[in-house]
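The letters A, B, C and D name the chains in turn, as written, and every chain counts its residues from 1.
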Amino acid sequence: MPDFDMGRYAAFVWPAWGISLIVLGALAARALIAARRWRREAEKLDQERPR
Amino acid sequence: MSALTQLIRREITGAWQGGGGPLMACGFLACAAVLPPLASDAGPGALVEAALPITWLALALASLLSLERLFERDLDDGSLDLLSLGPAPLEAVVLIKALAHFLANGAPLALAAPVCAVSLGAPAGAAPMILLAALIAGLGFTLTGTLGAALALGARRGGLLIAVTVLPLLIPPLIFGAAATAQAAGGGDFGPALILLIAYTLFALALTPLAGAAAVRAAQG
Amino acid sequence: MFGLANPQRFMAFTRPLVPLLWAAAGVLLALGAWFSFTAPEDYQQGDTVRIMFVHVPAATLGLGAYAALGVSSFFALVFRHALADAAARAAALPGAAFTLLALITGSLWGKPMWGTWWVWDARLTSVFILFLFYLGYMALRAAIDDEARAARSAAVLGLVGLINLPIVRFSVDWWNTLHQRASLIRADGPSIDGAFLPALLTMMAAYGALFLALWITGIRTEVDRRRVVAARARAAAGA
Amino acid sequence: MHVIAAVEMSRLGIARGDRSLFQDLDARLEAGQAVALTGANGAGKTSLLRALAGFIRPAEGTVRFTDAAGAEIEAETARRRIHLLGHLDGLRPGARVRDELAFHAAWLGGGAAEAAVERLSLEPLLELEVRKLSAGQRRRVALARLVAAPRPLWLLDEPGAPLDARWRGVLAELIAEHTAAGGLALIATHEPAHGLARTLELSV
């Protein structure tokens, strides 16, 4: 069973994990959104003038 | 060989005249060094320990801030292309520019460094080592800074960009130089630190012409 | 490796790879978290050792990303591969983010252990300097308007940075020995207690997979972006 | 010292950033010929000149320099046989005209600074600072290096733009003398390319 009782260190362990997951999540989101956006633009380009 | 000597003469006069030459750089060193004692509420005496670190910080910043115009002017007036069409490879031109700039700014700064350190409270006995370390480290700062000046060519706010890209690269000479002067001040063995400092400056002497020329070509293309 | 330098072949090759990488990163991250919170408490550090499971991978990937950036800069500069610059560019932001996370988690670990938010430990200081290298690289890219020129200048700085990293690392370690303070964060050295290995290795793999996913997705985005921008410019030129 | 006898451009293509300026350019410059380089703004005239001077790496195609015997000349050595005169004159504003001219002559390998001063009548300007000169006067000082340091290949980017009618005439004479002596010249220009053997048109 995972031990979620950090005791007196809770104020350090949870922020460490929390900030890490938030930043990684933001990185992933940013990358995926940009990827989808430019993929769609590129595909639109291919339909107009197939290379 | 008259072409190279002409270039050396041109660069030295350019560096010397450009904005008051050494006066500007030494002026900055003095300004930077006078601020910490004024900013410290515990009176000047408390900063004796910090005399050397303050001097080294002021020296590093002074070396960088005078480099912004090293290539920028030649790009603006078109003589950078001219320099690339000459008999000497661009690597030699970059090295000559760096050395000319060191003579006009780095060397005077190295002379001012011991005065600045002793006036901040460093032991007078350490002055010769401060001068020596400031000369060697100053050359390292100027060489790596020259690389930064080439990288920042044509960029907006070049001076700030040089500081942000180059300062992290100045950490090794700063550590070795400061250690050498601290050892000398404390009567310790400054040998290893000095050797490492010389090693860094030789490394910069080798790297700067290559990377600097590549950066200039990047800006010309 | 050389075959992939051609954008079309790279895009085709990585198309199936990207979803796999994202899936692997997600699974490994969940598994790693599970291990991290089922590992026993460290007899000395108690639960704070769980911060190590996010600190060490972040520091490692921060350095790994800069290696990727530096090597890509080498290929961009020496072999002028079209993709190499996109690869260097795509590695910068994730690398900086990992390094920043290493600093944040490092100080969150230092506070309960040593009572101060910042510890001048050789490794932590080097991570901080690595973060400055990233800032310098990104500042250079942002400061030059002409994209093609910014790319070439950034390639020089990326390579110079890579060459200087071991020297900076050496000088900081040397500086640290001068002050004889034993390195405070010993946890990721050989002295790791066996019980933590599964959690640490899984988290390391998770961060590694995540970086690869971010990096390759970033390169693909850059390839698409350049094609669209070039097409628009061509259309404008014809107008 | 006419080392470069011909410049061969085959399937040359140049891109600025990701935008390609032109592709598949095949052209040849011969000794004794001055060619006018024409084309709309942004067609890539300046980029082509800078590519021949070795500052811009072509996106595709090659540039080959050959000497009279047809043997290829390495780009690095060819660079020291080229004059590139761009829109900027390459003169430091704070320097004296005499010093800049002396440096140009020495650096680009000539010695005939006096001939250049006399040919472009720069005598009254020698003691002035470059900053105080008019655009036309600065261009004459820049043209002086073509006379002071003879080099086989001239790449001139709208050289006559800041000059008045009289000095455009002198420029035309300089080009004619250069080609008569076996030199080559590629001159980007918008004016009617009178007196120039051929025209190379860059189309989008």
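Definition applied: contacts are C-beta pairs under 8 Å (C-beta built on N, C-alpha and C of every residue); 3 or more make two chains touch, one makes a residue touch a chain.
Just so we're clear, the structure is a prediction, and the values are computed from it rather than from any experiment.
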{"item": "Reference chain C; chain at largest CA-centroid distance", "value": "D"}
{"item": "Mean-CA-position distance for chain B and chain A (Å)", "value": "42"}
{"item": "CA centroid of chain A to CA centroid of chain C, Å", "value": "15"}
{"item": "Euclidean distance of C-alpha centroids - chain A vs chain D, Å", "value": "54"}
{"item": "Centre-of-Cα separation between chain C and chain B, whole angstrom", "value": "31"}
{"item": "Chain B residues counted as touching two or more neighbouring chains", "value": "217, 221"}
{"item": "Touching two or more other chains - residue numbers and ranges from chain D", "value": "57"}
{"item": "Multi-chain contact residues (two or more partners), chain C", "value": "146, 148"}
{"item": "Chain-chain contacts as defined at top", "value": "A-C, B-C, B-D, C-D"}
{"item": "Contacting residues of chain D [partner chain B, same complex]", "value": "50, 53-57, 76, 79-80, 82-84, 86-94, 99, 102-104, 106-109"}
{"item": "Residues of chain C touching chain B in the complex", "value": "77, 129, 132-133, 135-137, 139-140, 143-146, 148-149, 152-153, 155-157, 159-161, 163-164, 167-168, 170-172, 174-175, 178"}
{"item": "Residue ranges of chain C in contact with chain D within the complex", "value": "80, 146-148, 226, 229-230, 233-234, 237-238"}
{"item": "Chain C contact footprint on chain B (complex, rising order)", "value": "147, 151-158, 161, 164-169, 171-172, 175-176, 179, 196, 200, 203, 207, 211, 214-215, 217-219, 221"}
{"item": "Contact footprint of chain A on chain C as seen in their complex", "value": "22, 29, 33-34, 37-38, 41, 46-48, 50-51, 54-55, 58, 93-94, 97, 100-101, 104-105, 108-109, 111-112, 210, 213-214, 217-218, 220-221, 224-225, 227-228, 231"}
